[in-house]
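Presented sequentially are two complexes of chain A, the first with chain B as partner and the second with chain C.
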Partner chain A sequence: MKLTKLSALVASTALCAPMAMAEDMANELTIVSWGGSYSASQKNAYHDPYTAETGVKIINDESSAEAVAKIRAMNEAGNVTWDVVDVVASDAMRLCDEGLADEIDHDEVLAAAPDGTPASEDFGNLIVSECFVPQIVYSTTFGYRTDLVGDTAPTSVCAIFDLDAYPGKRSLQKRPIDNMEWALYCDGVAKEDLYDVLSTKEGVARGLAKLDTIKDQVVWWTAGAETPQLLADGEVVMGSTFNGRLFSAIAEQDQPIGMLWDMQSFDLDGWIIPAGLSPERKARALHYLNYATDTQRLADQAKYISYGPARASSAPLVGKHAELGIDMAPHMPTDPANATNVHTYDYEWWADNRDDLDAKFQAWLAK
Partner chain B sequence: MSDTTQNGSVLAADGTPLKRSLARALRRQKIRALLLIAPLLLFVMLTFIMPIGDMLFRSVENDIVSKTLPRTVVALRDWDANSGEAPGEEVFTALAADLQIAAEAKLHTRVGSRLNYETPGISSLFRKAGRKVKKWDVENDGPFKEQFLEIHKGWGDPDVWRTIQTYSPKFTNGYFLNAADLQKGADGPEWRPEDEQIYWLLFKRTMFMSMVITISCIVLAYPVAWILANLPARSANLLMILVLLPFWTSLLVRTSAWKVMLQQQGVINETLVWLGLVADDARLVMINNQFGTIVAMTHILLPFMILPMYSVMQTIQPTYLRAAKSLGATNWTAFWRVYFPQSIPGIGAGSILVFILSIGYYITPELVGGTKGVFISNRIAFHISSSLNWGLAAALGAILLAVVLVLYWAYDKIVGIDNVKLG
Partner chain C sequence: MALTPVENQTPGFVAAVAAGSGAFFGLFIGTSQGSGPMGMLIGAVLMALLGFAFTMMTNKENQIRWALAAAFVVAGFATAGLPAAVLGVFFGWFAGWFIFWLATSRYRAHLAPYLTAGQVLWYYTFRVICGVIFVFLITPILVVMPLSFNSQDFFTFTPEMLRFDPAGFSLKHYQDFFSNQDWQNALWNSVKIAPMATLLSVTFGTLAAIGLSQPHVPFRRAIMAVLISPMIVPLIISAAGMYFFYSRIGLQGTYMGVVMAHAVLGIPFVIITVTATLVGFDRSLTRAAANMGAGPVTTFFRVQMPLILPGVISGGLFAFITSFDEVVVVLFVGSAGQKTLPWQMFIGLREQISPTILAVATILVGISVLLLATLELLRRRSERLRGMSPG
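Moving on to the complex of A and B:
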């Protein structure tokens, strides 16, 4: 009798233990990202292995493009339905400033590198905001039609402004960021002085005047898929877009497009956790972040898409493309051969001046 | 009559004045009617009027500054904005106390973002100061002016303080001024610098292009609706499906289809070059400009014009036309003096629908409008989803709403709203 009681007790505690564990963390995760091949790479590299290991159901939402506004609306309504959100670094800063994203202690939450380097050092200065966990380094750079540029393929970003050598339309993103820097750079401003010049009224006018020289020949895009399409249609001879988009047009679709890496603009994309989650959901979200941003996982993502892992320790682990079997390292924006002349955009400066410059840029566009 | 009292008012059978008795009976009816529509009214209030009211209220709301920095706002009241110097120590002491509380609650960056809309650079002032102030002892660590200037020299800039002072009241007209290309100057509103003026232009452009779209819809839809109304039912139904088919197709698909048609390497240009009508190096530019927006939007909004026209035309008796002709009218006179006036309610209904839909459109202009073919709604969408300046978005939206109401009023005066029919 006593024995059965005891064994029942043991059995029930044994049963209860994992259940108690599970109660501390939610069993479902809603992860928001950009969709397309990017979400697919995350599914392959992070979501599927995580589900296999923990049994947590992951729901994908492809709303990153409107994430900032939606998180704010959810927060005001007091009903945040997202757990982990993929946003670009500047949006992460904005969300952090507005109190809409939770601050994260990087060393406490994230895994250390295999050699023991703490996460904050492994990510280094890519942690541009207290709320932001970097995931990939991508770049906004140029692609050109190899058959439409004549015998001399462009090697400098200033080819964009050279209508004599490269006549035809070019596509640029409909925002001041990057375009203003490229314009000033090609107008003779040294790279290290770009933001000093841009901080003055005359500097802004100078940048816009440079852009004015090609204004009639520019198709302005808002979605990353537009430039590859315009290039494929022959609507433009060259255009800026995210390097991963160009990679898939070149390597996966075999389009006659060449990469122009000169003055590529590095940018970051990564995770934030929206403010206002219940403790169970937040615990689950942090657990996922720890898993999805460890050294091996970040390197794995590069098998599916040509974006560089944000951890220094992941770089040596980058292998071959999962389907095409080509080496991925030479297609990374961070590859030394591609990164000879890089533009690093100043997050703090743009956070301060984005609204002001955008007003001027849009006014210039509308005229 | 005995039912009339001395002062002349009529009495009901029970002796109360007829007026009051009638009013009571009517009131009961009114309450019953109100109860019947109460669920709908409640639904509309909760899901439509209140959210819109809340959104519009943001265009004047500005309590974030005085709520987050209460002491600073009070201390700053006596500071002379035209002195050309930053305020004194007492303001900085108040700021240190305010910022410490705000930084604990993570509200300091929110004020920073709010004020950054007015003066660029404030956002990082607050972000940087918040980090440091958290560690200070507000009671004993003074004086603070020097310490703030050490964090960032921007704290010594009178412009920053003028902005804080200007935006300390609970309500502001700043968003509305901004939405009209104005700004708060030293003495009253003044124009923004010319390189920042954009909204006026966009409002005018939105109105103009919506008019053009409405007129092209009328011109294209009228004959179609006429044919639909006058064909035998069987073939009319078939044609109707052709009208409705695009209506059921996704908006993005239709817009992208226009891209394929209109672009320089697109179907129309290729055909023209092949026919030799256009030289290969002088292909027509038909997209990423106003033309592209007008064509694509006319196509997308056409069903909204055809359907009300069709349903009105169906009710016009063909006998009237025959009667006119038998009295000697030519075809044109019979149409113009007999048929057309009867079809005006349909045109009116269709025009209002198309016009109001088109001034609020933003997806199609964004995709095919380039730089000169975008609407004010594109800027509203930008401020909602990207810059998070919801106050400005609300002010722009309020102005757009007011313009629509004024146009509606004008329409009522000119054409008469009773003269609008959906069938």
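Moving on to the complex of A and C:
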């Protein structure tokens, strides 16, 4: 009896020897993301193949919107239940600064590009924090109702401030980021001077004054799904949201919506690993990251959603939409035709000034 | 004071009151068509004219009412097709009924004959106010139901839906609910958590209620207040407290943790309903049972339990609904593995606005209505039983 058990053990150890790593890794992963079509694209491109290959059970938690607060609470309670968390770059920087996310050695953990370029070079300057593994490039940009804008479709972001040419409500995100830049840009500030002007008291007042001209026509949104809904209802003529949301409303749901790419605001989304995981869970999380961010997987995600892969080496591999069969490259925010006039969002400036501007913006909203 | 005889009213009175109702409905139609005041005016004038004319012809009531309904249907169909024709049936029927109801003084027929005009007016105004409040409360729930059959992925009444075009409707959101793994997992989690939490709530709540109804228990009020507190303390405070406490003892993110948290929320409901039932319970029955040799446990299960059962069950139903509808506590105490239906709806609403939520909401409303109907039947039975019991 003992002998058979022993021999079975020996046999199984021998079998598992090539994947000795797997022995000391957890076999369950809780991955936190944003929900909706974005989570669905990750499930299709990363989770399902990973489960098929390793047998690891992946639990999806759609709590990224409150990731920072929840990770703080988990840390305080000494009970970290998340393994891999999808956050925007600025949240990753905050978590990293507070020691709530683990630092990652990008070249050691992540796969190199097929031609051997190390990961840190492949991702390049998109690695904005030591804790952050970039995944996609998305943009906050505008969609407009093609049947409500008359004969001349808007081509400039300043159409949002033009109530004469485009009367009706517009939806904007309820935060100063992007809105202040757009307001100043349309008030005549040159693109490269935006943050210099915004650093002064007069600049902030100027931006708010510009927003004031449309304040009573603005519907403020907080969740990315709101603008597509408002556009579909015809409640608003134009509105800002994430470009992938607009893509799915246009291409998958046939809504009469057009894209306004002018002054689109690029941002990054990617993974972090929360601090305080047990060694087995951390090993599994790193193993998953290596798998999910290799060149092919990142390109695969673009089959399901119109966000640009963060690796330079993935771009040529972007193919067609998995169900609709349309070419995805022209729908990427990074496509040259779409990226003729891009607003580059300054992470550092906002990290330093966000609290102050949030307060001023909220005070202005309440007026 | 002279008695008011029931006789036909003057055309002027009928026209004026009918104009009022016309203005009321005209306001809604007018607002939906772009101009509220215009709709009020048209509605008032139309109803005044009809009221004035029909008061002279009360002997031909049936023919006129049929003709009026038909005229409204045709007018509605001619202006905006099928949906307006359906509205026309309603308004035509209402206009005919209302005018003749006024003209022949039927509205006074069942009221006490000595009431003054002012009292009659208040009698009906009160009912109209109640009706309006009822509509105000129920409309948001009713709007959800047709929207859940939308063939688009938005919360929008599409032109196809408003035309009653079958292409505008579909069952795809229901199909998504029954085929999507996320929704099915959430449903099963809810189905696993709610009955277990209910069982715990009912057991502990009933025991507590029986204990607290004994006159010799010290600090009854204080204990009661503590047990009821989860119902009074804001949920978010209970949730945050439970999160840190459960994290420390290893219950956070486990099935048992969520069950226990929900049981805590359900216990007050059971205590309140069972305590209320115990008020009508005759204690001499337990003494009689003891006199005949039954131990306390036998007495409880054979004598007391059957009599307070309606209270226990209705408390249990409340506890079940509390657990089934709860989202705040489970967001804290649960982890993604215990994602319940309300949780899934919450994230679906925030991140996606998918009408699958509406399909689920419609199903849940149906379940709630069934549960509440059961509750009402039980309450009636309890009342009947109590009426029969001595004392």
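Assume the second predicted complex is superposed on the first by the 345 of 367 C-alpha atoms of A that agree within 3 Å, B and C clash if a C-alpha of one lies under 4 Å from a C-alpha of the other, contacts with A are read in each partner's own complex, and residues count from 1 in each chain.
Just so we're on the same page, a contact is a pair of C-beta atoms (placed from the backbone, for glycine too) under 8 Å apart; a residue touches a chain by one contact, two chains touch by 3 or more.
Just so it is clear, the model here is predicted, and its values are computed rather than measured.
In the model built by aligning both structures on chain A, chain B clashes with chain C. Of the two partner chains, chain B is the only one touched by A:E98; chain C is not. Of the two partner chains, chain B is the only one touched by A:R72; chain C is not.
In the superposed model, A:G258 lies in contact with neither chain B nor chain C. When the two complexes are overlaid on their common chain A, residue A:V219 makes contact with chain B while staying clear of chain C.
Contacts of A:D356 after superposition on the shared chain: chain B is touched, whereas chain C is not. When both complexes are overlaid on chain A, the residue A:D233 reaches chain B and chain C alike. Only one of the stretches 277-285, 331-339 or 403-411 belonging to chain B has C-alpha atoms clashing with chain C in the superposition, and it is 277-285.
Residues 233 of chain A lie in contact with chain B in one complex and with chain C in the other. Those residues of chain B that touch chain A in the complex are listed here as 106-107, 109-110, 112-113, 116-117, 120-124, 127, 195-198, 201-202, 205, 263-266, 288, 366, 370-372, 374, 379, 384-390. The touching residues of chain C, counted against chain A in their complex, run 152-156, 182, 243-244, 247-248, 252-253, 335-337, 339, 347-348, 350-354.
Residues of chain A that touch chain C in their complex: 30, 32, 34-39, 59-63, 65, 73-74, 76-79, 81, 223-226, 228-229, 232-233, 253, 255. Residue ranges on chain A touching chain B, taken from their complex, read 66, 68-69, 72, 94, 96-99, 103, 169, 204-205, 208, 219-220, 222, 233-235, 348, 351-360, 362-367.
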